[in-house]
Amino acid sequence: MSLRLGLPKGSLQDATFSLFAKAGWNIRVDSRSYQPVVDDASLSITLIRPQELPRYLEDGIIDAGLTGKDWIEDCGADVHEICELAYSKATRNPIRVVLAAGQNDGVESVKDLEGKRIATEYVQLTERYLASHGVTAKVEFSWGACEVKVPALADAIVVNTETGSSLRAHNLRIVDTLLTSTTRFVCNHASWADEVKRGQIENMAMLLTGALRAGELVGLKMNVAESNLQRVVDQLPALRKPTVSPLYGDSGFALEIIVEDKTSRDLIPRLKRAGAEGIVEYSLSKVIH
Amino acid sequence: MSLRLGLPKGSLQDATFSLFAKAGWNIRVDSRSYQPVVDDASLSITLIRPQELPRYLEDGIIDAGLTGKDWIEDCGADVHEICELAYSKATRNPIRVVLAAGQNDGVESVKDLEGKRIATEYVQLTERYLASHGVTAKVEFSWGACEVKVPALADAIVVNTETGSSLRAHNLRIVDTLLTSTTRFVCNHASWADEVKRGQIENMAMLLTGALRAGELVGLKMNVAESNLQRVVDQLPALRKPTVSPLYGDSGFALEIIVEDKTSRDLIPRLKRAGAEGIVEYSLSKVIH
Amino acid sequence: MSLRLGLPKGSLQDATFSLFAKAGWNIRVDSRSYQPVVDDASLSITLIRPQELPRYLEDGIIDAGLTGKDWIEDCGADVHEICELAYSKATRNPIRVVLAAGQNDGVESVKDLEGKRIATEYVQLTERYLASHGVTAKVEFSWGACEVKVPALADAIVVNTETGSSLRAHNLRIVDTLLTSTTRFVCNHASWADEVKRGQIENMAMLLTGALRAGELVGLKMNVAESNLQRVVDQLPALRKPTVSPLYGDSGFALEIIVEDKTSRDLIPRLKRAGAEGIVEYSLSKVIH
Amino acid sequence: MSLRLGLPKGSLQDATFSLFAKAGWNIRVDSRSYQPVVDDASLSITLIRPQELPRYLEDGIIDAGLTGKDWIEDCGADVHEICELAYSKATRNPIRVVLAAGQNDGVESVKDLEGKRIATEYVQLTERYLASHGVTAKVEFSWGACEVKVPALADAIVVNTETGSSLRAHNLRIVDTLLTSTTRFVCNHASWADEVKRGQIENMAMLLTGALRAGELVGLKMNVAESNLQRVVDQLPALRKPTVSPLYGDSGFALEIIVEDKTSRDLIPRLKRAGAEGIVEYSLSKVIH
Amino acid sequence: MSLRLGLPKGSLQDATFSLFAKAGWNIRVDSRSYQPVVDDASLSITLIRPQELPRYLEDGIIDAGLTGKDWIEDCGADVHEICELAYSKATRNPIRVVLAAGQNDGVESVKDLEGKRIATEYVQLTERYLASHGVTAKVEFSWGACEVKVPALADAIVVNTETGSSLRAHNLRIVDTLLTSTTRFVCNHASWADEVKRGQIENMAMLLTGALRAGELVGLKMNVAESNLQRVVDQLPALRKPTVSPLYGDSGFALEIIVEDKTSRDLIPRLKRAGAEGIVEYSLSKVIH
Amino acid sequence: MSLRLGLPKGSLQDATFSLFAKAGWNIRVDSRSYQPVVDDASLSITLIRPQELPRYLEDGIIDAGLTGKDWIEDCGADVHEICELAYSKATRNPIRVVLAAGQNDGVESVKDLEGKRIATEYVQLTERYLASHGVTAKVEFSWGACEVKVPALADAIVVNTETGSSLRAHNLRIVDTLLTSTTRFVCNHASWADEVKRGQIENMAMLLTGALRAGELVGLKMNVAESNLQRVVDQLPALRKPTVSPLYGDSGFALEIIVEDKTSRDLIPRLKRAGAEGIVEYSLSKVIH
């Protein structure tokens, strides 16, 4: 029996398929069937809106899936979280779910919304948040684009935002942050208890994480004369050991190491000054520590 | 005080603005403010999703608006219907709200859905429909794209369809039709009772209808010698009288008539054979009978 | 039984559908059936490449169709020509079928091609042309884009050209012109002999011609005082008589005339100086003389 | 000898060509020669940046041209202004040339810029403006996009703006308005003194103005029974007389009038209530009063 | 003297240039000269339609080229086949040349086409096929898009197909398969007999094959303690030997191997469980076994 | 205090950001703020038009930046040149600043321009050039697109050109070359004298150069039996030494070397014939010699 996997339908779909391709699974949506096809007979994939995914997971209709922490919290779903997968279209920053009001509406805190009208896609999350602050307000479900409703159709909104730019463009101001959220790989408790499914899920988590990790690392190779070896090794990050191979017919060594992409620009000049020669940087597709 | 008008946000928006432009109102959405601006100080326009429009109309937040009969019925809203406006993106056919199931799922009638799961955007409409047939089923609200949910996530769906092509593409079959629907110009009872607002609404209905009608008609002009006049007039549609003017210094007449665009290709050759000369066809922007 | 009409598949298709729409027939290609649908039950339309259309016409598989004079000649097909229809994508100029060779190849006339290799889509036309000049050469059929074959793959080519720009861009020179060609409305002799079909074909020719003509004309209206009438009329093109109607309660006249679009910019200032008032220009959709 | 006309190169080019096409001149830029070609042998057209056009006009290199009032003023050019032509890409509003500074930079008036750095494309205009206020500041010529220079590279800017939205987007604030500007049809004094050229220029001004005017007007036709004639005529704008023609074999009249497009939506319902029947609206391509 | 190479003009052109770039030859088509330019003075490239390439190869106008097995067979050309190159736009599957008829036309085998009309681009191939089955039918040459001709203009067609989707979309059914075909690197016998040209051709075949192969493989590197070495090696594919290098100042080894891309997702988790550390995957541009 | 870096705004912007990304700095322009953001707290980036950059560098408003040699010369700016960076959109060729005139204008040398009008963006450069040849002419500043000004608005121009194709397209001819130019990494003298800033600048130069160099090289790996080792090594380019590692449990060696991308297609067949096995080519992201 195959593992039933739910993937996020909508704006994250392309980024998700691209991540799976790097990890080793090619997923394709046939324009006629709408059912994703994957080159792995032990997997069956369904596209589900992130909002609805926790519900289907809890009901056992799928075994595992990817969705945002925000929607898990909104549903209050009881699921097993396997790992965080910090990928998204533009940045790797978490999104925030915020309460926002008009620039000049005088709303200083959630307390000022007593008896008011709040539009949101996060109805339950908002209601629990209001209750925890002892505030009674009308929470209205809204089909996306809440930003345009203030002030004509709503007094405040609860929406997600990554950079805040859409809020500013609509002349809105953040009053409070309800939670921060990233994408999570989650499954239900029954699938996690099933030994075969857990094995599949753990392998998949290892390869997804390895593909994401590879994007943050680069490989470095260099040649070092024996007399400089210690000086060069001293420059390397303490945590990871380089691969050192003796060179034939030479007193020198070939040295190879994986480092953070973002440190490479500082490290390379230091290595060169310490005596490394012929430094070469190349990119990686997966890294499993 | 201005008439507050709600127009449909989303896929019908461009077609709606284009219809209003033909009728005489230029509406523009500033990319920054999102609030439509119209060149009529006695009007204030808000874009509202068709699903939500009946609710805002009933609450008195807007005076009048355009939405589908389907959403009026789903809300069960108590509003005054002014006229039908049969425009849409592709065709002028009404849409139908249908109950659909998988091609080979054995669902022959709504009775076969007892205890099953139905996904829809029309929750209330579906629940009333089921009740009227004495069927108990779980009706789940769905964010659009219900078609992909059968059979994995739902046993049947209630959706709107114009040509049925999306249903066929998803291998679904129509089981029953709940209602047929076109766009309606509607207002609330208070606005209709207000003499000033009713005047504004009736003028607007006259011009919107006149602009739609003009797209189906063309103007024809021709010159006819007196001896041929009766023969030419005999070719014309019985229902509408031509405008006949005597020509100066000539025994002939200038004849002008409005006819259906689609009959023009049959009528013109007959007119020419009956003796009409210099036949000219031109297009129209408004026709008020 | 319906009239079977063949329309040119390929680069002229959109321009052809647009011309038929102006004439009164809406043709649509359903992306699934590939068979064009037209809003006239007495017509059945097939898309056929212009090269092949004369063959199917001669075999009686279609009754009438549009294709180029060049392909009729290449096939040597025995068909009835109804009228010329001078429409095309860029200009209304005829195309020419020419013999072309490299700029510096020393080919001065067809005589210089004895024993050479000629690439063309017009195999039969080229062979008849060579025979009539007593030249023997190898004529090779070529799938489009003959221009790139000179000199590596062919010594000369026979191709069609509208402005000669593609020939110049490939550094080729026109040696001789085999024929000039425009689009023709043609039918087979049996359909022309059938009274019902002939009536349909003649009506269609009248409306297609009327739609094309309307694009070159504009309507002008103006008011003229009686004292200026002769002076204004003297400015008008001699060939066409204006429509003159007396105005009510006034000594003046309303004058209306159809003129060539391209003369309007010279005519209007002259009319105004001659005493015309309130000059109005409007566009036309069909003109049947 | 032909009239040498300069047209604005750049963002206004397409709108300018479109206006000339409506007036009766088809202008085409061949992608190879870059020199515009026009279907009028008595005209020779050059594309010139609006900033530079007044200079070439004053030097007699061109006879006439279109440019903005702002650039005429910046150059301080001595030219003859024929008429205003209020067309532009988005709106028909005049643009304004303004002095702008950062939202929170404390610049309250031009006086606060003593000794500061101002970036602008309008160097002369800005220097005359500063001198007239007794302020000494460094005026730096800037290649477009001045908005991004504040505050890092400039203390204030002088730019043109239509809606102010680009200024707001860069967090800038208007401090003062130097002038408002629209497009003008201008010529040099020598060409205006030349009888032949002046005739050409006046005809062109008549047709350009007539094409622009037609976009603001529509034609209305209707039939009116004799008994209603006075009541219908009373509804019409006082300034313009309708064309009234008696109908044949009928006691009624055909009535035709040109009205402002924007009043049509108010006028049509009033005409119908006054007894007009079969009201038809159609669009116009030129109107010469 | 340079090697004259013919490459396929048309839909395969971009994929062909991209394959050559990976192999080491940069080919560019200058928009003015139409003659491809390559950064190798010993090569001269001509673009030729695949249908015509075998003819020019046999005539000795080019030395070598890429075309489909289907066109070689259609021409019946006597050429030397160097190797298969399984690249194409969408998949690496071979195409098939098939005989197809309408879904419900009752054509069960080629025998049912006696006396019928068959449209095809493969005229000779079809005629030989019919002859070998003792069937006499009219074979008509067709300019592409044969699928739309059934049933109006032809009783059956012979076309190429990769996935069969175009046939299904036109409601056609495959009756028989004439041949399967992939792209081949071919040359004429004279060029193969010439030692210098043969050397060039063999090097080019080695690099094209190496570039294609690299897309199916990935490189893996890992570190392994001596005690785990045998366990890790046991996991590796039997056919290929890993490169094992001793690490300096350590009892472990660096292990490197090339594996099939599609097995990597199963292999990596097994390697990690067997004791491999720091597993890194990277991509390859050429692999020559 | 951070290093203030100026990068070229305009056509080179995307290529510049891409080069910095390869070198290790990710730069992003927020569509609202227009201020580039970089992931390095010690850097502050401003986009400046290349024409204006030398001026801001000399004034000490920025410390270092990238611009063309042509603009440095035009400004006559006194700056320190760190290194050349030969990247651009299409090719790696230098651009030339040339004096050009019409094909048939009879301008044979700069001497023929005495008393004429020259349009250019390089006003100072042109004036110095004329002075050095003892020529007096009117040099006019022009907002780009000088090519279209000849002959109507200028007698000659001074412009930059890479391939000369724009000049030819405008029917212009190069009369003289004022200078050739590539992109340079430059700083002001104060920043170069500051030890901390100079260290930053040198590291950046090392990494930018290393990223550019990597695009011209590839890595090769292969296995060689001991008996073939000398023969394989003899094939390698003399200048660079390969990395040779003994293989475990085998008499062979793993050999690795970096070679020019463009020699790879010749080298690989030779290496294989000399006995190399399992030859693998991979790409590089940085190479620091």
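Order of writing sets the labels: A, B, C, D, E and F. Residues in every chain begin at 1.
The definition used in the following text is that contacts are C-beta pairs under 8 Å (C-beta built on N, C-alpha and C of every residue); 3 or more make two chains touch, one makes a residue touch a chain.
Computed from a prediction, not measured in an experiment: that's the story for all the values here.
The set of chains touching chain A and also touching chain E is given as F.
When the contact pairs of A-F are set against those of D-F, A-B or A-E, over half line up by residue number only for A-E. When every chain is reduced to the mean of its CA atoms, the largest separation from chain C belongs to A. Chain pair with the larger contact count among A-B and E-F is E-F, by C-beta pairs in contact.
Farthest from chain E in terms of Cα centroid separation is D.
Here the spacing of chain B and chain F, counted between their Cα centres, is 60 Å. Here the CA centre of chain B is 38 Å from the CA centre of chain C.
Chain C and chain E have Cα centroids separated by 44 Å. In chain E, the residues that touch at least two other chains are 245-246, 282-283. Taken pairwise by the contact criterion, the protein chains fit none of the simple patterns, being neither a path, a ring, a star nor fully connected.
Contact between chains, as defined at the top, is found for A-B, A-E, A-F, B-C, B-D, C-D, C-E, D-F, E-F.
Against chain B, the residues of chain D that register as touching in their complex are 165, 168-169, 218, 221, 223, 245-250, 254, 261-262, 264-266, 268-269, 272, 277-283.
Those residues of chain C lying in contact with chain E across their complex are 9, 32, 34-35, 46-49, 51-52, 56, 61, 142-145, 147-148, 152-153, 169-170. By the touch criterion given at the top, residues 23-25, 39, 203, 206-207, 210, 214, 219, 240, 243-246, 253, 256, 258, 282-289 of chain A touch chain E in their complex.
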